[in-house]
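One chain, chain A, appears in both complexes that follow, with chain B as partner in the first and chain C in the second.
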Partner chain A sequence: MSRERNLAKIAESTFSKLDKVHSEIFTMTYGAIVTTLVEDLDNVDEVNAQLDKMGHNIGERLVDELLAKTGLNPQPDMRYVMEIVTRVGFRIYLGITPTLSNWNADSTTVTLSFRDSALSDWVELPHTLDDLSYFQLVCGVIRGALEMLGMKVKCTITADKLKGAQTTDILVELQEVMQAKFYN
Partner chain B sequence: MEKTLKKGRPDIAMSSFSFLFAEMLNYFHSRASSSDELEGRLQAAGERLGLKVLELMTYREKANRKDTLESFLSFISNNVWRMLFGRPADGLQRIPADNSYMILESVPITNRYIEAGQLNPATFITGIIIGMLRAAGFNNPVETHVWKKDESTNETTNVYLVKSK
Partner chain C sequence: MSSICMLVIFNRSGEPIFERSYQWSPTMRALLPQTTPCLNDEAVGLLSGLVFSLRPFVSKISPKNSADSVNCFTTEEKTYHLLETATGLKFIIVTGPNVTPMTNELQQIYQLFASTVALNPLNRPHQASEDAPSEGKADNKKPNGQIVSASFCTALDSFLTRLSS
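Presenting the complex of A and B:
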């Protein structure tokens, strides 16, 4: 069985065992958080930073649960880990599977593309918030999750559906392989 | 508005919500100087959500415009609860003595896996109810209470008490 199909199967069987909710409550709670931060904080950069920080904390906890529930215990191999992130992680925790493309020759950078809006259903950004990265939480999640697996990465949103792009794209760049924080 | 709300099965793991909700609580906690303020902010976040929900649901279910408080609360505790939480609330009761209403829920989604000390995380859901009521033109106050189901056991239920104006 191909690795992709195997991971998809792991995702389905793990998902069937977990407590579930409708994505609406998640999406709308996230919307309320973003609105609150925009009101609270002085500028959009601070909002983006706060979303990234929240995402980082969530990513650390999610990867912990994901490894425990799936029994996966990946080495810090960027290609394999990114497949787990997309085919298992995003599938279970956001109900979507982003695509991976534009791997560089030494497999240290890749682009994740989201065709579904998922997190940003029903969101329209006013022009005063042009610099808001609504997807920044997801960047933080990826960063936090990969850090737990021993990979320090930089995540950058390179295209945003909310700003007219066809897909929302996140560029993930491996910066350093570290000691994994998580041991099975 | 192009998007409508989906009416499918629960489609994501509950931990996504729980961890996000916990981050929101942490954020409020880091900025609030008192537990009243923390509770107020949590409720306000719920109110935003309630406003948005009503906006989307009236768009989808125009035929379902509700006129009386009782029918509107029935809409909330059935349709809205199903959409947000995947099942109806555990009950809606009228208290004839003062014409108030109670929406009952044994285990609110906000209280699963989340330890919040003195704060009842279900205050967020109280906020959702307040936001919807306000958006529909009802301005009844809503309180959150935790009641013992039965004196002999320690089982509790959350009560969202919608008071008469």
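Presenting the complex of A and C:
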């Protein structure tokens, strides 16, 4: 419990130091990006792939900012890292704290549930875009950030609020802990 | 603390991605970047290997299960201050021998790095060299993902000068 409270405290003090934008601007910008991608690319799978790639690139940069500003230095331990991701990462960058549930026995898979999020306010998906995963960018961010910490993960959206579910759920599966290799 | 002589940054796989040597100038009361490096390329390579294998060594000999880390080590002439981030970056400051460990200062340099390099769209993330070897420029000696940010250098120079004076 104290570890969680400690992380929450770190998140609050870091959050107060960061530059902020109105969530409306953020929502609109993200919506505009997705809309442009849908217009520019022919099929929805490609849009999902692009969002995932963009997220991956964002994630591998954000992780350094987060670690530098919070002073955290975690080992590749899935439970602790996922607590940092939810309690610190999502808190300081999106202002939300998703809940972690359904840990499996050896702590390699977990589900993140988002009740509400600035990304999906006022968003309605037309039926022609049933295959679009609007949250794919978030999956990419998690994947990119954890990759930099030496953990290769797979993120899948298992439930989507925009498609009628209660919460948006992302399933994170640890595939391997990567050992750094010396370049010579 | 006017004896700072060099800052080196290694990426996850031990390649040097940033080197900058300094010398204290008493007349200008500032730490000036030097073109002749404090450690030559071979020494930097050896340092990289040493730092790379320190971590597994330390965690093997540590009685606790949690990962321990080395903050600094000293030779007769130099002290090497280390910071290894969870993302595998290694920041190393080389100073004269009688300097207390600069852990906080390294963390502040990491913050400078985060705001001027990691979030800078012109710099590719530091693992890029593994993924995209084909994009190597004409200069083959240097790995990809070299830090070329002028604002990082400026911020670093003034930060280290403030420490020294």
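Heads up, the rule we're going with is that the second predicted complex is superposed on the first by the 176 of 184 C-alpha atoms of A that agree within 3 Å, B and C clash if a C-alpha of one lies under 4 Å from a C-alpha of the other, contacts with A are read in each partner's own complex, and residues count from 1 in each chain.
The rule is short, and it goes like this: a contact is a pair of C-beta atoms (placed from the backbone, for glycine too) under 8 Å apart; a residue touches a chain by one contact, two chains touch by 3 or more.
It should be emphasised that the depicted structure is a prediction, and the values quoted were computed from it without experimental measurement.
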When the two structures are overlaid on chain A, which partner does A:F15 contact: first (chain B), second (chain C), both, or neither?
-> first
Return first, second, both or neither, reflecting whether A:G71 touches chain B, chain C, both chains, or no partner chain.
-> second
When the two structures are overlaid on chain A, which partner does A:Y30 contact: first (chain B), second (chain C), both, or neither?
-> first
Scan A:V63 for contacts with chain B and chain C and give back first, second, both or neither.
-> second
Chain B versus chain C as contact partner of A:G150, first or second or both or neither | second
On chain A, which partner's contacts cover more residues, chain B's or chain C's?
-> B
Touching partner for A:L94 - first (chain B), second (chain C), both, neither = first
Where chain B and chain C land on the same part of chain A: residues 57, 61, 65
Considering the complex alone, what residue numbers of chain B touch chain A?
-> 1, 3, 5-6, 8-17, 19-21, 23-24, 26-27, 31, 41, 44-46, 48-49, 52-53, 56, 83-86, 109, 112
Give every residue of chain A touching chain C within the complex, in rising order.
-> 57, 60-61, 63-65, 67-69, 71-76, 148-150, 180-184
Touching chain A in the complex: which residues of chain C?
-> 12-15, 49, 52, 66-67, 84-89, 107, 110-111, 113-115, 118-119, 125, 127, 143
Can you list the chain A residues touching chain B in their complex?
-> 15, 18-26, 28-33, 35-37, 40, 50, 54, 57-58, 61-62, 65, 92-95, 117, 121-122
